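Structure in structure tokens, see below.
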Amino acid sequence: MDIKDEKLKLEFPGQVHPSADGGILVTKLDEVINWARSNSLWPLVFGTSCCAIEMMSAADAKYDWSRFGFEVARATPRQADLIIVAGTIVMKMAPVLKRLYDQMPEPKYVIAMGACTISGGPFFYNTYSVVKGVDHVIPVDVYIPGCPPRPEALLHAMITLQEKIKHEPYFRKAKEDTK
Amino acid sequence: MKLLLAYSFANLTSAIHSGLSGSMGNETLVLITEMVITGICLLGFLVILSFFLGYMERKVAAFMQIRLGPNRVGPKGSLQIVADTVKLLFKEGLTPDASDKFLFNLAPFIVVVTSMLVMAPMAFAKGFQIWDLNIGILYVSSISSMGVIGILMAGWSSNNKYSLLGAMRSGAQIVSYELSIGLSLISIVILTGSLRISDIVMSQQNGWWLFKGHIPVIISFIIFIIASTAEINRAPFDLAEAESELTAGFHTEYSGMKFAMFLLSEYINLFVVSAIAATIFLGGWMPFHIGSWEGFNHIMDYIPSSLWFFGKTFFIIFVIMWFRWTFPRLRVDQLLNLEWKYLLPISMVNILLVTLIAIMGWHF
Amino acid sequence: MSALIEEDYITEEGEFVINIGPQHPSTHGVLHIKAWLDGETIKKVQPHLGYIHRSIEKMSESLSYRNFIFVTSRMDYISAHINNEACALAVEKGLQIEAPPRAQVIRILMAELTRLASHQLWWGATGLDLGAITPFFHAFREREAIITIMENTCGARLTQNYMVPGGVMYDLHPDFQKETKAIVKQVKEKLGEYEDLLTGNVIFEQRTKGVGYISKEDAISYGCSGPTARASGVSCDVRKWFPYDGYDKVVFDEVLDTGGDCYARYMVRMREMVQCCDIIDQLIDNIPEGDFQAKTKNVIKLPKGEFYQRVETARGELGVYLVSDGAASPYRIKYRSPNFSNLSALEHMAVGGKIGDLVAIMATLDLVIPDIDR
Amino acid sequence: MTNEELKQRFTELLPGAIYDETGEFLNVIINSEVLLPFVKELRNNDTLSFDYLFCLTCVDWKDHLMMVYHLLSKDHKHTVVVKAKITDITNPEIESVSSIWKTANFHEREVYDLFGVKFLNHPDLRRIFLDEDWPGHPLRKNYVDENMIEI
């Protein structure tokens, strides 16, 4: 959890940090919201192929992603925060994936799990129906390489996503947008 | 020490009442103030309760499923539900474009409000009751069946076929199981001769009805547990939100806080039915007494009444959770078969037996 | 939610169409099933495929005979070993070589472990589909142990890529025998627990008995294979009918049932797990010494001709139809996948039932969608 | 029945059939026009009774398309491969066998999708994997797709 501080340490001593717009209250609220959001990532039940089995493995007793509070897998996109694209996306599936992503309420996150979702993976050459990377369809937050990635890799990706969320501005962003 | 144990909540409430009367004077004003205080306390209690139940559910699930359950957020994962709730609060609450927007937004409130209303006649401890009305049981069973209106509204207004199917299932389910619940409650009403919750609790001074009432009461207790599990839409009767069939059933289109309300009402309902079962069949806050064993009864009285109440309630909650994590789900026609072909005839015959026991005075 | 198709939402008075899938928990992937309902009763079912059609057959036409095998791991990924084995055997048939005895035994062992793991996954998923969540976790306990054994030897958890033309890629891990014995013992013990948790449950029996019936004649006509067909009394175990890799030297029973319903399919798979354990028990102490791989040329070229190889995967008969024109890559490959044919019987089974029945049928068919779409 | 006996029976049924025994199975190569009555006889004749169609596919040989039917008899345990040659590659057509074996329904849709072979009297001939508006039929050797990255 100390990455924030680590980053500050790396910067040169004379660095002038711009104060967070809104001051202490808003910053603290941001922290609370981000804490809640990062610790309550409910994934959408969405698996297209092999990686879905590793996703199921991540839920099982050995890897047990419920430790982090991820086990509330929702079957409806309306209640999910996170879409783990586990498996190849083909041309026929791409509109469906886009639709699912659109149906999710903000804030929403995407993890591209496996080589297929990064670039088409093993199905890159000589295929006529595979989407070469899921980021052609929806924006991706975290990529996990592997064919399929191990459950530990998925857990790592989700923890990485938690880190990412912890640095997100919520109130501050709204201010920046109006500027 | 003895003073502390014998302390009754009645003292506290009367102290507040006299304090308020002293400062305000106007009876109506005092009543309103007291109501507001009670409401706020109840809301706080319900929120904490649903946090706890959510946490308990996930931990019980983990226990059944040989895993650990939440353990990263807060000590032993206890803040997991808080994080979930805060997240849901700040999540976008979508209203689908093609939905009936008024009903869609109203439905979760109806569901929550009805389940909160049932808390009114609950006797949490000796002398600790919000409203000891004389038709307590009737009130509980009539109010609790109103929640289905909210569910039907949610399902219909979502303009989603899964929601509609879920709501229809829920409607059929609650309307049928309401009968069994009513009949099993009536069996105790017959024995007690009163609908007032406090009378029912007091009638179990020399032993809980479950033990006093012979086999018929045990049968109605089992029927009550089955039927109330169905009434609150929990597995194995969770057809209204059957995840593997209807994705999320009637709340498929709900997101953010509106969805959290459904979750909240689910947990409140779970608590309510368990509390009723504990009150009616297991003596509510009444300690475990055996007939005329004065010494034993006296020792039991040392355990605070609220502990008795919550202990019993949470035991029943645990049993209902146990159901959820072990049984497969019924099919919709089997669900109705179970009610109309088995539970209802059994409870009707049971009523006769209970009446016989009551008339002949065979109970202890 | 579903990809909605513009045509016929409501076709008749009182009838309505729901789209189950492509994203739906009970379709085990991205199958899209369009169901015409009357209330809750299913009047017509139409599967829509292709949401994971990855053009594996086209791809294989440009891959070498060594490489195309590994793409099949992604087809029926739950029995990846057996898929690879089918392709390796097809190439061996073309080369007219046979794997050395050690390799054959290793292949059988791996295939049976895969079948065991696959059936465990299916058992968990069946529970999940029928609303019981706990079986999933109990099944995965044993499955993870098996996967770990495979990982030790093959280096991968799911898509092992262990079979090569002429044998297997590496020799076994030194601990393989010890670990396998332990897991077989564990599975045999836990099978009783599985039975307690799901099989004997009243609700489970009600949900599955008499649901999704298919007769023997229909099962043959629909081209069903594997446990789905055997539950209807069709003898179709490729290991018995057309033994490969020395299955004729192993003693085991072909599990048959005559129920033809979901419960029969369930029981066939449960009893097959016991058979898997028996086969492993027979072989684990008798792995012959010797080479684990026959010598093959670096660039394999098959003679002109057609080779058909079928194997018994956990879901049924997988056929590899390999057409060679003498070049270094196949001219045409057709995978006759078991799920594809089994799925075609879905409509026959589901019509007249409820939505819950449809879910139960799909669960006991044990569909793997990428295997259907290829 | 052995392959020799099968050959004899087939010659009685269809004098013009060509046989190929180089592979694992007995291959019967026939013209696409005579397919339906021939396979109907294979299915319904009690001594043949090929009731299990375990593979149905097509091979594009550039100048002609070859429909391949792998048939097995569950009772007699004999196997035969029936191949029907379609010479018209621009507009290939063949009779559907889905009335004989129900599994052919899906398999023929797959062939229609990937090879463009039109099956006459098929109950539900739609593309099975690809979208209805997909250009071309991918498993044909003359299929070109600009988006496809080849090595």
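Each chain carries a letter (A, B, C and D) given by its place in the written order, and its residues are counted from 1.
One rule holds in what follows: contacts are C-beta pairs under 8 Å (C-beta built on N, C-alpha and C of every residue); 3 or more make two chains touch, one makes a residue touch a chain.
The model shown is predicted, which means the values in this text are computed figures rather than measured ones.
Student: Using the contact definition stated above, find the chains touching both subunit A and subunit C.
Tutor: For subunit A paired with subunit C, the chains in contact with each are B, D, in label order.
Student: When all chain pairs are ranked by how many C-beta pairs they have in contact, which pair ranks first?
Tutor: Top-ranked chain pair by contact count is A-C.
Student: Taking each chain's centre as the mean of its C-alpha atoms, which one ends up farthest from the centre of subunit D?
Tutor: B
Student: Could you put a whole-Å number on the gap between the CA centroids of subunit C and subunit D?
Tutor: 25
Student: What whole-number Å value describes the gap between the mean CA coordinates of subunit B and subunit D?
Tutor: Chain centroid spacing, subunit B to subunit D, equals 64 Å.
Student: Using Cα averages as centroids, what's the distance between subunit A and subunit D in whole Å?
Tutor: 47
Student: Find the geometric centre of each of subunit B and subunit C from their Cα atoms only, then give the gap between the two centres in Å, rounded to an integer.
Tutor: Each chain's C-alpha centroid was found; their separation is 45 Å.
Student: Which residue numbers or ranges of subunit A touch two or more of the other chains?
Tutor: Touching at least two other chains: 60-61, 75-76, 92, 125-129.
Student: Which residues of subunit D are in contact with two or more other chains?
Tutor: Answer for subunit D, listing residues that touch two or more other chains: 129-131, 138, 150-151.
Student: Indicate the residues of subunit C shared as contacts by at least two other chains.
Tutor: Expected reply: 1, 24-25, 50, 53, 55, 58, 62, 136-137, 141.
Student: So that we know how the chains sit together, what is the shape of their touch graph: line, ring, star, complete or other?
Tutor: other
Student: Pairs of chains that touch, anyone?
Tutor: Going through each pair of chains, those in contact are A-B, A-C, A-D, B-C, C-D.
Student: Using the touch definition up top, name the residues of subunit C that touch subunit D in the complex.
Tutor: 49-50, 53, 55, 57-58, 62, 93, 218, 220-225, 234-236, 241, 305-308, 310, 317, 319, 321, 323, 331-332, 334, 336, 340-341, 343-345, 348, 373
Student: Under the stated contact criterion, what part of subunit B meets subunit A in this complex?
Tutor: That would be residues 58, 62, 65-73, 77, 79-80, 82-88, 90-94, 243-244, 247-248, 251-256, 259 of subunit B.
Student: Enumerate the contact residues on subunit C facing subunit B in the complex.
Tutor: That would be residues 1, 16, 18, 24-26, 40, 127-134, 136-138, 141, 197-198, 201, 203-204, 206-207, 354-357, 359 of subunit C.
Student: Would you pull the subunit A residues touching subunit C in the complex into a rising list?
Tutor: Where subunit A meets subunit C, its residues are 44-50, 52-54, 56-57, 60-62, 75-77, 87-88, 90, 92-93, 95-96, 99-100, 103, 122-123, 125-130, 147-148, 150.
Student: Tell me, which parts of subunit B touch subunit C in their complex?
Tutor: For this pair, the touching residues of subunit B are 61, 64-67, 160-162, 165, 169, 235-236, 238, 242-247, 252, 325-334.
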